[in-house]
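This is the structure, below, for whatever I ask next.
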Amino acid sequence: MIKMKNVTMAYDGVNPALDEINLQVDRGEFVFLVGPSGSGKSTLIKLLIRELVPTKGEIFIAGHDVVHMKTKKVHLLRRNVGCVFQDFKLLPNKTAYENVAFALEVIGKPEHAIKVQAPEVLKLVGLNGKFDRYPGELSGGEQQRVSLARAFVNRPPLLLADEPTGNLDPNISLEIMSLLDRINKTGTTVLMATHDREMVNNVRKRVVALEHGKLIRDQARGVYGYED
Amino acid sequence: MIKMKNVTMAYDGVNPALDEINLQVDRGEFVFLVGPSGSGKSTLIKLLIRELVPTKGEIFIAGHDVVHMKTKKVHLLRRNVGCVFQDFKLLPNKTAYENVAFALEVIGKPEHAIKVQAPEVLKLVGLNGKFDRYPGELSGGEQQRVSLARAFVNRPPLLLADEPTGNLDPNISLEIMSLLDRINKTGTTVLMATHDREMVNNVRKRVVALEHGKLIRDQARGVYGYED
Amino acid sequence: MRIKPIYFAREAIDNMCKNFAMSSAAISTAALSLFLVGVFLLMFFIWNSFTVETLSKLEIEVFLKDTAASEQVQEFQNKILSWDEVDTIKYVSKDEALERLKEKLKDKPEILQAMTGNPLPPSIRIFLRDAHSTEMIVGKIRNYPNLESVVENSKQDIKYGAEYIDKLFSIISIIGWVGLSAAALLCFASIVLIINTLRLNIFARRKEVAIMRLVGASKWFVRWPFLLEGMLQGLIGATIAIGFLYFIKVWVLRKVIEMIPFLNISISGPLFTKLMLGMILGGILIGATGSSIALRRFLKV
Amino acid sequence: MRIKPIYFAREAIDNMCKNFAMSSAAISTAALSLFLVGVFLLMFFIWNSFTVETLSKLEIEVFLKDTAASEQVQEFQNKILSWDEVDTIKYVSKDEALERLKEKLKDKPEILQAMTGNPLPPSIRIFLRDAHSTEMIVGKIRNYPNLESVVENSKQDIKYGAEYIDKLFSIISIIGWVGLSAAALLCFASIVLIINTLRLNIFARRKEVAIMRLVGASKWFVRWPFLLEGMLQGLIGATIAIGFLYFIKVWVLRKVIEMIPFLNISISGPLFTKLMLGMILGGILIGATGSSIALRRFLKV
């Protein structure tokens, strides 16, 4: 599903935020991306949805060459990759419902289908009764859940989640985690950047660890850190 | 230091996000504010710096009536209350250094003093070498640390921190926690909203728990949740 | 993929209402600058109708020999009338010429008193369709084969205020030229001003554009609502401008006409209709192109 | 608390550079709209110098009895000259009057040929400082006690083109009035347009304003850099506008003068200097007020 070959990303052209990353994620896998703050997790995710173009290296998603993709084709890639952004990236002038619906409008879903799917997903992340709130009227954690709902509402084959539980309390985090697990079980590949040591250690999935932009560990059924 | 009397905050005038809160925090205390997502932690903090005005009730900080304060006096309050915002609230057109320096410029510190204090604090939160980066060029966790640095650079007697470690890995979180502890030891009152169960449970400080806008627990040397 | 015109239209209107501060700025800018263009064009039209009127009063007068045979004069007249550029001609007899002189000199009766007999020759007054052909017609008259049989002196007896015409033409052309440059300048300015506000609006919303793209919106999916919004703002601006212009046309112009009744100022209905249509189309066009130009750099995500 | 003028100035310049898209829009809007105002005022000045010239050519002519005694004429002249409104007078003898008639009628020699003797009376031409006092001076002349000793018929022999003056005045006043309204409209438009862009700029940065306030900045601490930035943008805009105006004054006007040399168009240096100063001050003022008005609602945090 994801294939990164010698990917280097240097924002300033000199100091790489990601350094010669080689990573392969197969269809249906669940991967935790861990690493200290500033180690390059978000950068890696941004590369996968082509928010950024790498300085060097090749990236393939479902066989498509992400690096050399034309700008006017990029939206087709992004429709197949749901993404929970670390800073949520909600549209400020749209309600929670409209934000989620937007991901469906974009792929041309008919209105009646949207009216069914969007509320369903919002309920799944525990936002029942807050459909008509604007992002500015939601708490941090609620915004994060809208972002999550938007990311998987159109059932993309690949789901990227950048610290999707950073603003959530342990209970809801657990629920979200089991939700992601269920989504994964239906065949969706999930790559999740996280700092939540407990969660990573409890579920024991594949763990990819970054440090200073280098891939320092890739462990099936791994843990958050060695020190555990 | 903080005194809240029957404080109710209803954004829409009907459903209270905070409901009849009574809270007293003495000078020099360290208080964890916990509660599930959407329980009203951020709202409480916003009330304390008068980003919001409560629907009902009285709030005093260091004896000053926050609710009836004139708009043109509010900045004097805010200079004495450092705040780490959940969404960082960094000035996008200023570098990390300038963002921190801004909190000093605002109180009329002379340039030479600023040139000493701002870098010192930035180093303390582990951002050495990233002084000249704009917020957009920092990782989520790095932005959060800039926000933290800005909050305490002018040594305010009261420090409010809204999930200051939400985007940080466990190691840095621990460092930040011990930093806050040290700040607290020098006499600063600290109120910290957090979801980090491990941290709360490890340090055993006073814990104030919110749920659905109600203060449900206020425990000296408490833990994150009862279920522990 | 289904195209969703209703969705786009709703989005456009929604955005306009939700960003009231921004759209009101765009609309008022469009209204004001189109209004300026419109006022200027109105003034230009009025000026034009003046010059047309003034020029239509120019004439050529050919003074005839007292001795010219009437058949030859008749033939000469027919010849002149046969030219396309000539509108009408008028024969002025010796007596009529004296009457006209008396009328002209009614302030100075002593001159008439001092005159003996009627020294004035008969003449033909020639009115042209377009004053610009004056010189050409004068040339044609001078080349009339039997001229010497009707006119004494072809230099002196064909009068058309050569000097006056030159001055008039150059003033009219300079004012026309200045007016045209000013019109071009105003149009240019109004385009730049409108595009400026649209650019600022879209600049303020560049993050939204980026988010839409990141969530999988195609360029056109992002562009359509902005385009429609720009067009709508242009349209509303133009409509407001037309409203004010109409007020000026109906009310202010009436006042002006009351104050100077001797100049007959008027603006023809069809011309005004054309102006209105032009402004509306212009507003929509500027709105659309402005938005899409401004969008371009933010769509490259 | 220390006030930090240097910090504020640096902030203002910094912001302007960093928000290039926004400040360029503000500057170009200011430049364009001030330029429009400037061009219009230039045209107005030129028009004004025309009317002054035209009006200065108006005169009163008093035709004298052939039989008037020369001392009485002299006394009459002295009286007229003693009035403040009168600039100069000129005595025209019978012979000079005939010369002038000959000059005027040089196109129609047949009339002069038909005249016997010199029927023309001598006259006094009176030139006023200001054409507006024409009627008043005519009234004074009519009230001159010894008038009948020098003038035959006080109705007929005092000429000043009453009808012509009325028309001219009402045209001039109407054009002045239209010009003034247009000037007011343009000034108003340019103020609104500049303030619109500043409003949009500040709107786009409202979150920054809120953040500054939340971090403890006083209202003035936030306001100063925006104020200076607005002033700077107004200043730069005005400077650019003046640059283009200067080009027009020097280059375009020369072309125009070449094309119509018989109208003597010119703009006095001091007037232009005043215009430049006015535009610069206007730009700065609009920038400052625009910014602070736009800021107000966002400062209430």
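All chains are identified by letter, namely A, B, C and D, in their written order; residue positions are counted from 1 within each chain.
Convention: contacts are C-beta pairs under 8 Å (C-beta built on N, C-alpha and C of every residue); 3 or more make two chains touch, one makes a residue touch a chain.
Note that the structure is predicted; figures quoted are calculated from it, not measured.
Among the remaining chains, those touching chain B and also chain C are A, D.
Touching chain A and chain C together: no chain. For chain A, the chain with the farthest CA centroid is D. Across all inter-chain contacts, the pair with the most C-beta pairs is C-D. In this assembly, the C-alpha centroid of chain B lies 63 Å from the C-alpha centroid of chain D. A straight line joining the Cα centres of chain C and chain D is 25 Å long.
A straight line joining the Cα centres of chain A and chain B is 28 Å long. For the pair chain A and chain D, the distance between C-alpha centroids works out to 68 Å. Taken residue by residue, chain A touches two or more other chains at no position, since every residue touches fewer. Along chain C, no residue makes contact with two or more other chains.
Contact topology of the protein chains: cyclic, one closed ring where each chain has exactly two touching partners.
In this structure, the chains touch in the following pairs: A-B, A-C, B-D, C-D.
Contacts from chain C toward chain A in the complex involve residues 1-4, 7, 14-15, 18-19, 208, 211-219, 221, 300-301.
Those residues of chain A lying in contact with chain B across their complex are 11, 34-38, 41-43, 86-87, 137-142, 145, 162-163, 166-173, 195, 197-198, 224-225.
Residue ranges on chain D touching chain C, taken from their complex, read 21-22, 25, 28-29, 32-33, 35-36, 39, 43, 101, 107, 110-111, 113-117, 119-121, 159, 167, 170-171, 173-174, 178, 182, 185-186, 189, 192-193, 196-197, 199-201, 203-204, 256, 259-260, 262-263.
Contact residues of chain B toward chain D in the complex are 49, 51, 71-72, 74-76, 78-79, 83, 85, 89-93, 102-103, 105-108, 110, 150.
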